[in-house]
Structures are given as C-alpha cells and as structure tokens.
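Note that chain A is present in both complexes that follow, paired respectively with chain B and with chain C.
Coming up: the complex of A and B.
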C-alpha cells in the first residue's frame, strides 16, 4: 500500500475532496441545482421547481436527444471501425510510416474543434463534395474528432497484446482474416469497449465543430443547450444538461458492463 | 509462390485435418541467416532434422535457438538460406500454410475460448467436418489427460493443465512437425519433470511427428532429444546424440554447457595408440585419459572431466589420483559439491552426501577413471566432428 499509516490515508482523502469538490463536483452540483431552480438570486437557488425538467422532456429536447444519441452511436461505431483498422495497419507498418499515420490520426485532438468544423464546412460546400446542410457533415465532424481517441485506445490495447496468441493461431492454420476475427478482435474487446465508451461520451458533449456545420434538421443536445443559455434561459439549459448527463451515464454504464473472457488474460 | 494444393507432400493444416495416414517429414535448415538491421540473430545455420526425430536446440539466451524455431514457424523471414519441410521449400510460405504445431512457453491458450474450442481451433480454421472435429478434440484431450476439462476456460486451469491443452491443440491438426519453444520454462520443478515424462510418452505414441524442442535446460534436452544441437552466439556449435555430446563433447563450450564439465589446460606427455589413451600433465599432476583420434606428445589440449566423475574413493586399479586442497564445501541435498584447488587450478567435484564432509583448507585425494575423462582441442569453440546431417 502506498500510504501505510491511517493519518496519511485520511490526509490523502481530505486532499482529494478539497481538490475534487470545487474542480469537478461543484460545476455538476450547480448545473443540477440550476435545473430545478425557479430563481437564483442568492447563494442558493429558490422557488424550486421541476418545470424545466418537465419542459425538457416535452419540448424539442426529445428530438435533440434522439439526434444526439443517433450521432453518438453512429460516430462511435464508425470511429471504432476506422480507428481499429488504422491501429492494426499502423502495427503492421514499418516504423516511419507508422509514426506518420499515428500522428495524422491524433492531429484532430490538437486542433480546436471549431477549426475542424470550419475545415469541413469549406471542404464540403461545393460539388462534387456538397454535404453542407446535411446530417452527414455533422456525423463526419464527430467521426473525425472521436476517431483519434478510438485509434489511441485500440493502439494501446494492441501494444499490450502479446504476439504469441496470433502466432499460435496462424501456426494452427488460421488465415489472417480468420485470426483477426477469432483471436485478435475478441482479445481486444476490453480496449474496444473502452474506446466505444470514450467516443460516445465525447460525441455526446461535442459542440465546437457541430455548431459550425449543423443543419436545422439535425440539432444535437449540446447545440440546444448552447442556444437556450445564449437566449438567457439558463435554467432550461441546465435541465437539458442534466438530461444529457443522465443519458450519457446510463449508456456508459451499460457499455462498461460488456465484459468478455478476454478480460481474464 | 505455387498453390499449396498442387504441391505434393506439402504439410498444411487443411491436409492434416483430413489425412488418414500420417506423412513423415523432417526439417532442413540450409545455411539460414536471420538478421534484424545490423543484429544477426542466426548466422549461417545448417541442420537436418530427420523425420520422426526429436531434435533439441540447446543454448543460453541469445544463442539464436528461438530464432531458428521461429524461422521454421514462419514468424521471422531468413535474410539468406532456405528452410525445407520434407521436400518443400517453405522459406517464404506464410505460417498458416505450413501445417506446423507450435507450443510456446506462455501456453497462449485463447482466453475467450473453452478448452475444447481451443483444441478445435486449427480444425475449424481448416473447415474440417463437425464430426471430425468432435472426434479429434476428444482424442487429443484424452491423449494429454485433459478430457474432463473440455468445458473449462483456460483461466480455470493450472499452468501444467494449460500446457497440456496447448499440446493437445497443437497435435489436433496432426502436424508433421511440432515446435516446442521452452514449453516447460513457466512450470515449477515438480510439474516440469512430470510434463517431461508426458512429452516423452506422447512422442512414443506419435513416432512420426518430428519435434524441434528449444530449451536452455540441459536436463530437458538430454531426457527428450534423440539428438541435440548446441547453439551459442547465433551459431550452431555442435550437434550429436545426447550421449555422444555428454560423454565426448566436441568443444569446450558444449562440455561446459552440457554437464558443466571441468576444463583444465594440459600438455600431452605420451600417447598409447593401442589403448587410445594419453598421459597428460597439468600443474604437478600426471594423469591417464582417453584420447580418441590420437594426440602427439608435447601438444597442448584441454582435459574435460565431469564433476560427478571425480570421486573421493578410488574406483579401482588404474584410476588417476590427484592431490587437492578443499576451497569450499556445499551441501546440495542429494550431493556434496566440493570446490578443489590444485596449484591454482579449480576443479568441481560432486560426491554422494558425505557423513563427515571435509573442511575448508583440508587436503585430500580425488580419483577418476581414465575413461571418464576426455581431451578437447586446446581452445576455441566448435570443432564438432558431426555437423548438419548426423
């Protein structure tokens, strides 16, 4: 154990709460409180009400919720496929090529997401790539942004996968595709699940690129929240945020429950 | 590369899955070199493994033995030379076409598959008939004594059980060649000796399977192998039967690595051609030893004598007697190891457990029979009398 004495453990917990509560906990608590606030003029909110949460369900938010879910699921699946493919390809490549491709895939993380959105808008605004004003361009933006995380997560999983599983499978007569689907991917399941969760969470909260490219018919929850708070409807925006949080959390918990025998490796 | 299907005698998993009669095939390394950038992992390696033979590749880590095995499996590409399985050149053939069973140190059982699915893997990959798979899996699991564990997952098995399953999985495709890469290294001493017997029994039951057994453990090599190829520094040093390498090591490296022999620089005093014996001198001692092949008086040679050949009691008339000082005494359960000094030359002697072991500094006489010692070339590795095809 890193901290052997009781006093040091209590100290560590105290430090954790001092750091965690203001930095991570407080914003969530404030959003939660704002979602049920009728007024907030003092330290604490007053005239508590469930109206904002109720409105969130009956208003456009329902559509936005489905849009966000669809975007998140589609983007995660596509990103997972592309990211896994890229990670497998990079592993098979020689060192220099691998580094170039690896860097290219991670690049979107370093660029502001607004710039990614702008880039897509310019790139897909004239024929033959005319996607401006369609849901597809939103999906592409999300895929570009989250693939980097899928790639990184799967690459890390592949690096930890001992070569002898695939080698033994090949020696037993398994062709490359057979080994990939029967051995490599099943053994990578923990990494794939982690990557899927990460991609989905990132996509659900994505705003910067989406706001540059979204058409009126494909408004995601973060865009809706931004529009509400922009209009001054802060409590309604907070209610939608709570909805987004709960939904993301439910999906993430469900995904994290996917465990396979590969976890015993 | 020609299609495997039209090449007769080609070992492949698919063929193995449906073949009724086992075809024997050996392994030939023809001047194989494997290099990674500037590092040479295997240098100009030539070796013939006869069909049905158990060949051990024995050497310290970094000696190139695992590289040689991986080259047969197809996981490293030789930079020069050829590898043949039977009559087929497999140098550039992808691993899945080679039809080789492989067992590795880490077992490498697929953790997401049950024992029976693991064993069936090669047969499924070869699209064998369902009934064939069921029969073969049952047969192979019975052969390794794991039939009762068919429904278990690998993590529910002990190390020894996992290695049995790994062997069954390799045998299920009825390979002509079985590669065993340090298969017992991860097991504890007791299990290791049990598994060693198991592998020896399996080979008696499957005499047609050619086995290439990579190990750094001389006991495993001596127990299992028909012949041993001793490797060092990416090269083949010597190859021969276990007995010949042990009793008449062709080189000082083999003498030390196989059986941990005492090596003493000596000068030949006289040679008796009729008895093939030489009188040699080191320090103040003059001893008679076996000298097959002849030596000339005045020549410098290396005397090779095993620690267990040095006895505190005289084995009979004509034995050599050497006066020595005891430097260190170690009790090793089944033996006492004595470190002796003869005018600056250190000798190790293993005796049966002594009731009253000698004390450090005590002077005593050790004996060895002339036929228990042999003469090697004065220095330098690998003057193996037998290389390649033996």
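Coming up: the complex of A and C.
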C-alpha cells in the first residue's frame, strides 16, 4: 500500500476530488445549467426554462440535428467498410508491405483537421472532382477523419483474434468468402461495434474540417453551435451542446450494450 | 497468400488516395503557386517572414508545450491516486474519463466562458465579495484561458495510458519498498515513475500533437491576441480567400504534426508504452 496511514489516504482522496471535480465535473455541470437558465445575473442561474432549446429548434437546430445525424451515420458506415476492408487486406500482406500500407491508412490521424478541410477545398474545387459547395465534401471530410480510427480499431481487434478458428474453418473446406462472413466478421463484431461508436462520436463533434468546407445547405450541429455563440446567443448554444452530448452518450451506451452482448455469444 | 493479398488492398487504397493523399498533394502544389500562377518559393518567403506567421508559430508551440506539461502533471497525480489509493468510485472515474474522450473540445471552451468569462460565475462571486463594478477575472481571453481549457480537455488522453501502465505494475514492489521503510514520495520516484515513463512519453507526445492542432477551443474562446497555426489557416483560406497563404501555413503545420506523430509511433514501438487512442483535433 502506497499510503499506509489512513490520514494520508484521506488526504490523497481529498486532493483527487479537489482536482477532479472542478476540472472535469464543473464544465459539464455549468453547460448543463446554462442550457436551462432563464436568467443568469448572479452566481446561480434563475428562472429555469426550456426556452433555449425551443428557440434553437425554432430557428435551425432541427435541420442541423438531422444533418449531423445523417453525416455521422453515413461517415461511420463508409469509414467502417473502408477501414475493415483495409485492415483485412493489410493482414494478408507480408510484414513490410503491411507496415507501409498500414502507415498510409493511419497517417490521417496526424494531419490537423483544418488542413484536411483545406486540402479538400483546394483539390475538389477543380476538375475532375467538382464537389465544393455540396454536402458530399462534408461527408468526405468526415470519412477521411474517422477512417483512420476505424482502421486502427479493427486492426487491433484482428490482432487479438485467435487464428485457429479461421484455420479450422478453412481446413474443413470453407471457402475464403464463407470463412470471412461466417467466422472472421462475426468474431470481429465487438471491435466493429466499438469502432462504429467511436467514429460516430468523433463525427458528431467534428468542427475543424467541417467549418472549412460546409455549404450553407449542410450545417452540422457544432458549426451551428459556433454560429450561435459567435453572435452572443450563448445560452442557445449551450442548449444545443447538451443535446449533442446526450445524443453522443446515448449512442455510446447503446454501443457498449451491443458490444457486451456480442462478446458473450 | 501475399501475392494475391495486394489485389484486395487496391480498392480501399484507391479510395484513401483520392480522398486524402490527392488533397494533400494539392495543398503542397497550391502553396508554391503565387499570384498570377507563378510557381516558386515566393509564397513561402512572404508568409514565413510575416509577423503574423512567426507570432502564430511561437504561440502555437508555447500553448501546446505548456498544455502538455500541465496534462502530464495533472494526469500523473490523478492516475496515481486512482490506481494506488483506490476508493469505491474509482471505476466510475475511469468510465467517466473514457466518455470524456468522445466529447467535442469546444464544450470546455463554452464552459469556460460561463465559468470565468466576463459574465461568468466566478466573476459574479468575485464582484459580490469585493464590491468591484468591473469583472476582475479576465484570463480566459488570454493564452492562459486556452492553455487551461486544453489541459482540462486533454488530461484524460494522458491518464488512459497511465492507468493501463499502473494496472500492470506489480503491487508487491510497492509493498516491499513500503515495508523496508521507503516513504511514499520515494516509492513514487523510484518504483512508480520509472514504470510510468513509457506511458508518459506516449501520452505526452500524443497530447503535444493534439494540442498543436487544436482548433475548437481556440475558435470558441475567440481571444483576439491568441492566434495559432490552425486559426491562421482558417482565417487566410475562409475569411480572406487566400488559399495559397493558407496552404503555406498548412504545409508547416502538417510537417510539424507528422514529425511529432512519427516520434509518438517510435516511442510506442520502442517502449511498448501505453496504448492511447487518439481522438479528434
């Protein structure tokens, strides 16, 4: 035991809560409080209300919410397909080839999101790809940013997979496609679900690349929240932020439920 | 197997090249294309000598290194207590940290304006206590506001690999050291810290990479004097439509960032240090 005396243990816990609660708890509490604050002219907010959420929805929040959900779902599905495909293909390569191609797929993690957006803006404003001003360019930006995470997450899952299941299936005459769809992918389900949750959460909160490329007709929640706070409607912005957090949490909780069930199978 | 393997790589690799490497190439190309389409180093000469760029580069490095330092210290202390002075809610804390990683960074910036902004909670308290008529707390709109917000948001990225490393540590070592009369600080210095070095290096370099590229916090706090490289890129390309200038800064930013990422991968492969999941920028 690091701290044998009870007094010093209690001291350490006190230190923990003095650091942890204000640093991580307070921001979330204060944004939550602001989202329902009718007035905040003193230490504590007063006249609690749902007006901010309502006001936000009367303007654009409904559309932005649907836009964010659609972007998140489409980007996650596409990223999961590309990432899983790439992870499976890279696993079949020899060591050196696998290393090189694997690095190519994770490198987007190292590129700042604003630069990813700028690259798309410059490259896709000229033939053969004229996508500037479309929703597609936003979707592509999100796919670029989350595919690397899908790839690394699925690769890690593949590395932990016991090899003999696939070998047994193949030796019993299972064709590669059969082994892939009936053995490998089902065994991989927990990793796939976890990757999907991560991709969705990242996409829902993405700001840097989106703000570079979004057209007026495809405004995501984070961009909408920035527009609100930028013109001083901070309470409406807080209400939408809370909505964004709740949605992200719901998906993450659902994902961890599915994941637990899949790993018990 | 290896021969036919390449066939399957072609499809995802083509997609990746079109949506990522092709745009990356255009950033590079655009950065050398000056006014009137002249290709050369003129855009670099102009941008790299400007005080806007130099100030932003310096500020970005300063904010990133101070934030990373703060994350390392705070993360180490918190992870130490969670791991070695366990209490009933410790598991909840670990779960909370995991969820925190999935939140957008601008949440913290928004919270900071409500807490420490000119109409924030702490300014009301300070004005009530002191009777001042002007809000006395204004650090939020300086680089310190950005640094504190980044420490808050990125500390979990350091705690994760640290918690993983600490869970592997043989507690018998601590018991033995303790029974031989070593004081807690000595145990931390001579037993725990050496074990934590790989995780600290991995978490710290990841943190440096992410804070270097942080955009949401800086944008939301919107402090006039706090301009970082991603903010310059955004300002040049979106607000001034000067793609070339934006691309020059982007090349510098990407080079810095990829260099740090290479270091991070190197540290991880050398030390087998904590597996940290990188999340957003």
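For the reader, a short list of remarks on this structure follows.
Just so we're on the same page, the second predicted complex is superposed on the first by the 229 of 265 C-alpha atoms of A that agree within 3 Å, B and C clash if a C-alpha of one lies under 4 Å from a C-alpha of the other, contacts with A are read in each partner's own complex, and residues count from 1 in each chain.
Note that in this section a contact is a pair of C-beta atoms (placed from the backbone, for glycine too) under 8 Å apart; a residue touches a chain by one contact, two chains touch by 3 or more.
Quick caveat: nothing in here was measured; it's all calculated off a predicted structure.
Once both complexes are superposed on chain A, the partners chain B and chain C fit side by side without clashing.
Contacts of A:88 after superposition on the shared chain: chain C is touched, whereas chain B is not. By the touch criterion defined above, A:186 lies against chain B but remains apart from chain C after alignment on the C-alpha atoms of chain A.
Superposition on the shared chain A places chain B and chain C such that, viewed from the Cα centre of chain A, they span 100 degrees in steps of 10. When the two complexes are overlaid on their common chain A, residue A:172 makes contact with chain B while staying clear of chain C. One of chain B and chain C touches more residues of chain A, and that partner is C. Once the two complexes are laid over each other on the shared chain, residue contacts for A:150 go to neither chain B nor chain C.
Of the two partner chains, neither chain B nor chain C is touched by A:131. Of the two partner chains placed around the shared chain by superposition, chain C is the only one that A:198 touches, whereas chain B remains out of contact. After overlaying the two complexes on the shared chain, residue contacts for A:162 are found with chain B alone; chain C is out of touch.
Superposition on the common chain places the nearest Cα atoms of chain B and chain C 9 Å from each other.
On chain A, the patch touched by chain B and the patch touched by chain C do not overlap at any residue. Within the complex formed with chain C, the chain A residues making contact are 1-4, 8-9, 12-13, 15-16, 19-20, 23-24, 26-28, 30-31, 33-34, 40-44, 82-83, 85-86, 88-90, 92-94, 97, 101, 104-105, 107-116, 118-124, 129, 140, 143-145, 147, 149, 153, 156, 198, 201-202, 204-208, 211-212, 222, 225-226, 229-230, 234, 237-238, 241, 244-245, 248-249, 252. In the complex of the two chains, the chain B residues touching chain A come out as 12-14, 16-17, 73-75, 94-102, 104, 106, 108, 110-113, 121-122, 125-126, 153-155, 166, 169-170, 173, 179. Against chain B, the residues of chain A that register as touching in their complex are 162, 164-165, 167-176, 178-179, 182-183, 186-187, 189, 260-262, 264-265. For chain C in complex with chain A, the touching residues are 1-2, 4-6, 8-9, 11-13, 15-16, 18-27, 30, 74, 77-78, 81-82, 84-85, 87, 93, 96-97, 99-100, 102-108, 110-115, 119, 121, 124-125, 128, 151-152, 155-156, 174-175, 178, 184, 187-188, 192, 209, 212-213, 215-216, 219-220, 222, 229-230, 233-234, 237-238, 243, 246-247, 250, 253-254, 257-258, 260-261, 275, 277-281.
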